[in-house]
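Here the structure comes first, spelled out in structure tokens, and everything after it is commentary.
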Amino acid sequence: MTNGSKTDIYSRRESQARSYCRAFPVTFTKAQNATMTDAEGRNYTDFLAGCSSLNYGHNDPDMKAALLEYISRDGVTHGLDMHTDAKAEFLDAFERLILTPRGMDYRFMFTGPTGTNAVEAAMKLARKTTGRETIIAFTNGFHGMTMGALAATGNAGKRAGAGMALSGVVRMPYEGAMEGVDSLSMIRAMLENPSSGIDAPAAFLIEPVQGEGGLNAASTEFLKGLQTLAREHGALIIMDDIQAGIGRTGPFFSFEGMGIQPDLIPLAKSLSGMGLPFAGLLIRPDLDVWKPAEHNGTFRGNNHAFVTARVALEKFWSNDAFQRQTEAKSAYLTERLRAIAACVPGARLKGRGMMQGIDVGNGDMAAAICATCFEHGLIIETSGAHDEVVKVLAPLTIAQEQFAAGLDILEAAVQAQASQRIAAE
Amino acid sequence: MTNGSKTDIYSRRESQARSYCRAFPVTFTKAQNATMTDAEGRNYTDFLAGCSSLNYGHNDPDMKAALLEYISRDGVTHGLDMHTDAKAEFLDAFERLILTPRGMDYRFMFTGPTGTNAVEAAMKLARKTTGRETIIAFTNGFHGMTMGALAATGNAGKRAGAGMALSGVVRMPYEGAMEGVDSLSMIRAMLENPSSGIDAPAAFLIEPVQGEGGLNAASTEFLKGLQTLAREHGALIIMDDIQAGIGRTGPFFSFEGMGIQPDLIPLAKSLSGMGLPFAGLLIRPDLDVWKPAEHNGTFRGNNHAFVTARVALEKFWSNDAFQRQTEAKSAYLTERLRAIAACVPGARLKGRGMMQGIDVGNGDMAAAICATCFEHGLIIETSGAHDEVVKVLAPLTIAQEQFAAGLDILEAAVQAQASQRIAAE
Amino acid sequence: MTNGSKTDIYSRRESQARSYCRAFPVTFTKAQNATMTDAEGRNYTDFLAGCSSLNYGHNDPDMKAALLEYISRDGVTHGLDMHTDAKAEFLDAFERLILTPRGMDYRFMFTGPTGTNAVEAAMKLARKTTGRETIIAFTNGFHGMTMGALAATGNAGKRAGAGMALSGVVRMPYEGAMEGVDSLSMIRAMLENPSSGIDAPAAFLIEPVQGEGGLNAASTEFLKGLQTLAREHGALIIMDDIQAGIGRTGPFFSFEGMGIQPDLIPLAKSLSGMGLPFAGLLIRPDLDVWKPAEHNGTFRGNNHAFVTARVALEKFWSNDAFQRQTEAKSAYLTERLRAIAACVPGARLKGRGMMQGIDVGNGDMAAAICATCFEHGLIIETSGAHDEVVKVLAPLTIAQEQFAAGLDILEAAVQAQASQRIAAE
Amino acid sequence: MTNGSKTDIYSRRESQARSYCRAFPVTFTKAQNATMTDAEGRNYTDFLAGCSSLNYGHNDPDMKAALLEYISRDGVTHGLDMHTDAKAEFLDAFERLILTPRGMDYRFMFTGPTGTNAVEAAMKLARKTTGRETIIAFTNGFHGMTMGALAATGNAGKRAGAGMALSGVVRMPYEGAMEGVDSLSMIRAMLENPSSGIDAPAAFLIEPVQGEGGLNAASTEFLKGLQTLAREHGALIIMDDIQAGIGRTGPFFSFEGMGIQPDLIPLAKSLSGMGLPFAGLLIRPDLDVWKPAEHNGTFRGNNHAFVTARVALEKFWSNDAFQRQTEAKSAYLTERLRAIAACVPGARLKGRGMMQGIDVGNGDMAAAICATCFEHGLIIETSGAHDEVVKVLAPLTIAQEQFAAGLDILEAAVQAQASQRIAAE
């Protein structure tokens, strides 16, 4: 079958909802760490990394080996939420390597293996335990496509998909979203005014760094202030660490070291380590009031993901070496992006850790930069309300040379676009 | 680590929401076709089959081989919704082996890999394309746990999980649900009365056989009548074939041969063939009005599932042998269950195809039967509003002797319970 | 100013929402008991009676005298909900003449002076006191135009006015509404099935006789059965007696003598006696958990209405003479309508007491009959989902001859229409 | 009957929802202009004026005379929405004296005679005509108690009355409500950010001066900015002039002279002139897309109110004398309140025109001031989220001496309270 005929099958048989494949219209057949290879044998450096689902790169050899072994020996692939050795070993590793060292006490809820399902479970539990309906979400937040999570998602295009009005969510500006508005003060004033019309919230639902929303990073001060406010008003904090967590900003959780104790933490994306569908919700134990099967689902126990996730924890989180490496790479990334941004008048650095990017001011230019990069073998995408941010989401495991080379491609593309635009004025 | 300590990890670290593991409190370590094996080496016959997610049994050797090969050669594991060879080959097989032979013309939407996500996508699209909000769902229907699909799910316990009122869905009795009520006539009368207070519906959302709801099987007459009514009133039919489809009742789709052309068909569970998370929505092409990424999600392209799903199609659906086998097994199942039901005064057969069971009249007895079965090495579960139906959901690929032996265990358990109950009276 | 120019002002300046004035396009300048007089001096017999707001006829001389006296002595017209002598005297008369003799114990809540406001107050209180959201309303029910009450109103045209989906209400068939459906049994089955998808209701909201819905009269058996069901399921009964109450069916409340003790009773229309805006909600004392001003409103104390309402109670409800008269007139009405209905093949009598009518099978014929009546000096209107019922809502105080003469006009009109239709076939 | 026994009837028979009567626990029997008289013959000066429903004072002699004449001659009291001479004359006067001189072109919709009904009609029409659901309302807004209007009302106590979550409304800070937040800029930023999560609004619903919310007066700049923003985003302006309109701030509409052309204007309270229940909605003609009876109601045609409202227009709005008088009184009020406020450290003047008051900083002090005033024969109330504003809502027609004397009582009460508080510190 040629590449061409495979493209035909997509236009003939795949829904118009498809998206990334439009920007990268080749057929990928192989992937290793930061490199994807197409059917023609061409290699691409992956600065998208499954939107942060591949923090450890594609097909990590140790995860792959463990998975091959597990499949070979007919380990349970699907067992609903029944106990398996793979599940026990994952939970054990998660307790031993993640929770205990951080002094965190949470229950793990295996929701359906999508981020939106983990967010929905969190929203439901927050409403159930508080007896309140309103969840306060933030401008530019992205939490998922099912009706509950979609109500909390800001993007107008996604919201339009609902075909009906979405309820139960009140929107507040994310830190820094509205010039001249101190968001925290405003939220406080709204909650303290009994005639504000804002009902007492069940929870705040917030991303420590907004990935899709444009790499907006909340400050420690903001998140701590929000936590204080939440506690004063009997509301929970749902910290959606789906994109920023699992090492993306350095530590395992993106909010580590901030003095934050979220009540509920949805996780997904890089949780399985190898990009397999896997999601979960960390629950403060006293909030774990679910009745058996009250929130259930067929694929709650993706045993293949348990296997690879366990290996990921053991390989990368047994000591702090990986976090240190990420911090070093992040510093390098900041330095490079700062230089690159300097080519574009008005451009701004966004994000933190290994989820940084450049706001080039408009979506057309950002799209042109990404297209140019792809021509030169770099997979990279935009984010932000106007798709105005070129974001770097490389695997954390990328080799330094490949990282540098990828950034060189980006730099050249930005310079080319910047020159063109200056010339056009 | 002993089995005991692994159990500890669950009570310490897994959410109370866990369910099946409570009924089957052992650690499973291996599974092949209809047999699961626990850590002690004990074998169990699986009449639950991942709630119909394992229609082809556990770890089918051909799917397993293909998957091992794919992983070994570093095939793309995670690529968002980018084109891969695995995806193209799945789509090609689906067109060639499923759609074309049945004269069906649909687009395939890869939603997040959970049934609830496919249902949500269908509900959203029905509302978007009709400009109407109301979706008519049915008593005892089960469609998922996220807020949109949960609104259409009947079970009070699951609904309570929402922590808030659910909207956008109107409920009608499923065929035969209310004694003395001709459901179709009533729905027609409601829709034809401009003062009924039932708004014009965007869609009917219905399962051809209600799995969780108690193995209620709608007749061809009912489903065709509903289709006629839907067309008269400008509403769509969303045929949720997640549990009954993929061969469970004999043909690939449970509604084949009924003269039904659903507008939207959510699929999941056995779609991947091997129990991997995978879901999709079949869309009548003119309804595929999604904008790119309007309904997106990280795990829309589970390439491992594409590989196994493609093998499943090629292995089981290249000719009608598999369907014939299933029909033969179904006939055998009916015969055996009829005899078993005769032991329990008032018991009734429910369901069709390889999703049949016995309504024993109350949940306590049904639970006791299942517990006794498990003691004798048979994994089997209940369904129905009062968990009053003992349901047989064996893999379609189960060997005849194992099937017979499993039914023998069931028969003995039913007889034992029936005797005890009669003795107790 | 001529009649003509006054018509101009309406098309120029009154909203298209206006309605009755379109069917009766004259300017009325005077009204006494059952007679309205237009600007040309022509008299009309009023069989509409303000849709049952003028049960005691237009401008009753005793109410009028009391009101003139009150206004002349500068009695308080508007005092928000402050105590006035007029209010105390009304409450005293209501207790003495209505509650005490009937052994009824209720608190009177003065809501805004519209029926919809009384219904909204009832719905809010039912939700507040039960902690549940769902209110079960019935096909063809009419409860008002504000968003809460509109959600419970069946008429599609009215519902369309909302411009958005209405929530919080589940619809069930009114007694006899769906051929072959025993509504009470079906509701019971729905509530007793924990997977029906019908959430436990806060209340049933029902009209003992559906005025706008087509003069459908519920039986004692149905209403008692509903009350039993409500109590079993912890739901309240909101008995909307706005149109059928205040003597329209004979007794003061339309459900008297049925063994019904509603929890909440919205009243309006004829409550003031003279057609002044006035509404209220009777509340079972233990349910009166409102905080001061929790449901408030500017016109809760229409003192003019207190004055006339008090006179109405004293004049008509000090003994049972008025009820007897109404019963006699009702019997006469039944007899006459039976004869009239006999002219139209398939026509059926509807309603009870002094709210009876003829279902002539379609709205066109009903409209033609009403138009012919108006030409002959009779004001009469239709109701029903298809406006297919010609309804007689004469003042209860109408003189026997005028009543007979009005019915003669109706009879002639029906005969004329029936002949025309037969001729046309 | 003694005053005492009348009080008994209230506690025995009136709902706990009653409110003003608790602050003023006497029985009023008579009222003229700015004076109310109780059953003991004691006179009170009325600085509450039916919460701005009695802008022309109690029982204006000319309105009273016209109403007595109308009732005496058996003018139609209740005629649903049929044409009457009273209605035509009101509409004619409204066109001639209000619309034409101001160059305003609106249709008048007679809604049910309560402010909340007029607001609901406006919200429905805004949603219908724009096809959007969201209505943006403001902190501290008060719009009514029925479910649609209640969703737009800020007060937590009132909202709690709903017993369920309220939807369809998004809340923004009123001008000046949140320190350091430029409300207009923030709203603009929210609407211009496609990922803000704020759906395109059907309308802004705003009071030019928030009466219940604490006498917050929006500036011309703010209202014009809002109008600009609304037009840019295809949203309507619903200007709720129920409390501030009908001369309360000087001109007939409170927004006159600001360059504002609202799309929809709900009116009520002082519309009838004499405090009779009356409400209406002014509709920009091209938005008047109602179908006949699409929003109907029994008391849409309160003919008594038409009579008095027409007299009010003719007497007070035939020239600008009344407006001039109000402006003069407003200036006097400002001067007096400024002096009074000076007694209380931190006190602030609020409001404009003849709806001004003093924010004394807390509700306890404000309540104590009002209680002291009542002891000295002055009826006055508080408003604001914490009931912290003592508000003066005297009849516009109050005689200068009585006005001054009332303000003397207020001044003394404030001074007394201020001294007490200072002494207590």
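Lettered A, B, C and D in written order, each chain numbered from 1.
Keep in mind that, in the parts below, a contact is a pair of C-beta atoms (placed from the backbone, for glycine too) under 8 Å apart; a residue touches a chain by one contact, two chains touch by 3 or more.
This is a predicted model, so every value here is computed, not measured.
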item	value
Comparison of B-D and A-D by number of C-beta pairs in contact, larger one	A-D
Interface residue identity across copies subunit B, subunit C - same or different by half	same
Intercentroid distance (Cα basis), subunit D paired with subunit B, Å	58
Separation of subunit A from subunit D, taking each centre as the mean of its C-alpha atoms, in whole Å	50
Residues of subunit D touching at least two other chains	133, 157, 164-165, 167-168
Subunit B partner contacts - residues on subunit D that touch it in the complex	164-165
Parts of subunit D lying in touch with subunit A, wherever the complex brings them together	133-134, 137-141, 152-157, 159, 165, 167-171, 173, 177-182, 185-186, 189-190, 193-200, 213-214, 384-386
Contact set on subunit D toward subunit C in their complex	1, 6-7, 9-10, 12-22, 24-32, 36, 39, 48, 50-51, 53-54, 58-59, 64, 67-68, 71-85, 88-89, 91-92, 94-95, 99, 106-110, 112-117, 120-121, 123-129, 131, 133, 144-149, 151, 157-158, 160-164, 167-168, 202, 268-269, 274-277, 281, 283, 288-299, 302, 304
